[in-house]
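In what follows, structures are represented as structure tokens.
Each of the two complexes below includes subunit A, the first together with subunit B, the second together with subunit C.
The block that comes next holds the complex of A and B.
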């Protein structure tokens, strides 16, 4: 997004009236009609009431929201579960994104390109295919258990799927490429001569990483966590494909309520809460990033 | 050393589910690994399945039309955005990129309830529009990037020697940014081709894109036929990854700065 600040000489005005309106209008109209209005509509629907058999009835009530925050089942099994799974998978994906990001930063030429494409490839492959491959590997008698049993590391097949553990693992898998992109952004700004200087005064690899590389990569880790956390809080496809009703994360409950139970107002209320939660995450993390950059400017 | 070993292990881990799917699709004993022999049996079964064949055409049609819409709108608005200064520019940028930030489950639910209200649910139109909304940020971003890497003085020269604005675009601007447009189009196409979440909300029973067809299939039957269909999806993704990487660089398109 650094490109939005165009240098003044790049912006030039064609003679005549303002054609930018004509250029922008089609896209803005399209987005208004099929994006802004639907989003506003879902917020409105979240205040409707649900009458079994009658789809939904226009109203202005907060009962859908109250149900979400007062019903102990939703608090414990859905909201708390969502928060827990999202936080754990975000943290783990940031940690696991460091080695490939460092590896890519330190390599050059064809190898770098190959590694980069390998890490980014899952982003361009359908979620269904990724999770299908995941199921093939982690099924009861799948590859993973065959290997573990063969090596006598476990006595019985491990239950990798259809539980919170499995969903968390898959969310980590899905998040890693996004975090790697953010980390690369920061790591590539680290001047290699600083790491070299640390080595020259006798620091080993770990010390160099902890004292030089890690602190300098914090902005990337923060923006990566922001992306992963918003994705994971609102996760719906992964728990749907891997956990089913056993892992009722909030996004999945919204889907079930709206499309299976036909309680659209309640589903709408859950998704509005998710929208607010991800906006909150973005807001807080942006503040943190801003503070980090200010601090860095003071130091340098 | 530690970084190298764990880094390579994690990269391999990221690719493993993809590799395993492709191996299973061609393996004569299906899920039984190690592979025992090469077969196209699973693909034969897949192309005899009506849901998969229809899903293939639905996905193809939706991806083509949605990415054409997104590329067209992205091209126009990227021009307006990059070449002119106007009040509220930051807001326009935020509007164009925000569909990426809104959680898919929220967008899916919003579009679903909107199309139900408009009596457009379970139509190709709904799928195309829903996909196009998620693609606009991608094409806008890619085309904006290629316009920023462009020397405006070349356009000015053409205008100065008397070329019209349309001629300038056709002879100067387009040839230079066409790779960016192409990369944006292919990225949009493949994102629509792969889309599962929005499709699941908008697909009824008449028009079911391939990823949703796979989901419906593996809910009841888990065999190597699904691996074969997944492989067809992955194959097209592979082609897209290759082309994007050759034209603009996959890293650049996905927002990784040059190291």
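The block that comes next holds the complex of A and C.
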């Protein structure tokens, strides 16, 4: 009894006073060395100037940011496009992840293991390999178009790739397993008797899902969509291989500026803007969801 | 007829959950399904609610065949063992959920809910969330959630089993009173015999998916029809032996003992039963009484209001209960046991 009484206090005291903090040092050191220092350096470089012929010149100028803000192409065609594609693909992946997540939650034994492995298998394969597979399937005369043409569902091959539609589709595909994983955790916490109780007072299956299962699994949908959103805002391989120049998502443009044009300061500025934009989106997203659901469910 | 169950059966693989169970429940009746865990009582309840698909049989509510109706079309209220209150909704919202689905207008919803909350003494809790309620309050909210819909049948799945003993005893009486007042036909699942005895109009005793006996609490306790019921409900002394007839009287012979039993044709039966509380312990050298059996106290258990004694009667151990009158019998003391013939039954 005394022990259990004492433990919450010990946990509260934990930060700072305890020797266990030492155990955090390797992680902190690692993050500092490979994350914080490079990030600070990128921020610093974004204020450098670019002199054609020279690599970059240390300075403290806002000219890179001015160029970003004043040239509508970067805001409209790149940054806005990035956010739009990321948001649409995230929302779509959450909607599409619900049915498999529900199916896995309700199944047991071998079927459950099979379903889990099928949904999570893409995570085990390198994203580049996935995209090459995607290209084989969806290129001009790939399998998909051959089937569609063979069934006379379309008259000419569908343009699946090298446009925003194709990139969005591929991002949805890549995000779904992440969202399924986080939904599974939440859905498993939805006690089956809550759903039965809803059926018992007269709700049909759809009403039960909308009013009971969905709101109670929102925490999982939130964390899943956070992962998907971050992945999609920073998407690089997908727009590079499936979009090309027609889908200039911000990560791609930063890469192009830094390594092709050799304007590292401008590439850094684009990166910083992208970082700020995604932080803003995530912040707003969290606030809205908190107001709608999380406050009510007291999810910490 | 409130509820009529007709020869229902359900198997899970090789396990028989219930088989050939039939039951008629009158309007307003309070029936308990009583049995050990795994006897099929919860399966029957869930089948009535529509959560178990039956292999055989039919279920009627008010003469309407509901066997193949989905759970949401049955108008049968189920109170879950864990209450199953929706954690993201307040007490009011929990109660309003079913009414909203039915299309009840908001002012009427409010009126019905406040009426029910007042009836159950929950009037102040309408804005609370389930996690902010005590176990007893949650239990009553779960009940209220069913009652606001005026179900044809109320099904209760061990609703008191998660409460502590004191509260459980209190809720038994409250629940029974409430059921009388509302007049709703009730099917109550429990493994607790005291609960079943104290609340029910009739008890259905189940074992391994079969109905073993149906009857009033008195009937079940006083005249069990087989050893399982006798042993499962209450405590009982069970002696193996042989019935004999002599001089127009019937006796039961256990080892060297001969106990007089009610007259009748009992030749085929070889087990004698009598309740510990019907055994009188008499002190003194030669008291008077029926069927006096000499014995010695082996063990004594203090139960507060009563004592339970284990008494050695010539190699046979007999359990006897006596109320705590302030002068308990000591272990080792020599006593006589009186067992009246009418308190004995053979199975």
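Everything that follows uses one rule, which is that the second predicted complex is superposed on the first by the 242 of 300 C-alpha atoms of A that agree within 3 Å, B and C clash if a C-alpha of one lies under 4 Å from a C-alpha of the other, contacts with A are read in each partner's own complex, and residues count from 1 in each chain.
Going forward, a contact is a pair of C-beta atoms (placed from the backbone, for glycine too) under 8 Å apart; a residue touches a chain by one contact, two chains touch by 3 or more.
In this text, all values refer to a predicted model and were calculated from it rather than measured experimentally.
Visitor: Applying the document's definition of touch, where does A:122 land relative to subunit B and subunit C: first, second, both, or neither?
Guide: first
Visitor: I want to verify the contact counts: of subunit B and subunit C, which reaches more residues of subunit A?
Guide: Looking at subunit B versus subunit C, the one contacting more residues of subunit A is B.
Visitor: Pick one for A:199: touches subunit B only (first), subunit C only (second), both, or neither.
Guide: second
Visitor: Identify the partner contact of A:255: answer first if only subunit B is touched, second if only subunit C is, both if each is, neither if none is.
Guide: First partner only.
Visitor: Under the stated touch criterion, which partner chain does A:24 make contact with: subunit B (first), subunit C (second), both, or neither?
Guide: After superposition on chain A, A:24 lies in contact with subunit B alone.
Visitor: Quick one: is A:212 in contact with subunit B, with subunit C, with both, or with neither? Answer first, second, both or neither.
Guide: second
Visitor: Can you check the complex and tell me which residues of subunit A touch subunit B?
Guide: 1, 3-4, 6, 10-14, 18-24, 26-28, 30-31, 34-35, 37-39, 41-42, 45, 96, 99-100, 102-106, 108, 112-113, 115-137, 139, 142-143, 146, 173, 176-177, 181, 184-185, 188, 205, 230-231, 233-234, 236-237, 240-241, 251, 254-255, 258-259, 264, 267-268, 271-272, 274-275, 278, 282
Visitor: Per the contact definition, I'd like the list of subunit C residues that touch subunit A in the complex.
Guide: Per the touch definition, subunit C meets subunit A at residues 49-51, 70-73, 75-78, 80, 82, 84-88, 97-98, 101-102, 131, 145-146, 149.
Visitor: Considering only the defined contacts, which subunit A positions touch subunit C in the complex?
Guide: Against subunit C, subunit A makes touches at 191, 193-194, 196-204, 207, 211-212, 215-216, 293, 296-298.
Visitor: In their shared complex, at which residues does subunit B touch subunit A?
Guide: 1-4, 6-11, 13-21, 24, 31, 33, 69, 72-74, 76-77, 79-86, 89-90, 92-93, 95-97, 99, 101-114, 117, 129-130, 132-133, 136, 140, 144-145, 148, 152, 156, 165, 187, 190-191, 193-197, 200-201, 211-212, 214-215, 218, 222, 226-227, 230, 233-234, 237, 240-241, 244-245, 250-251, 254-259
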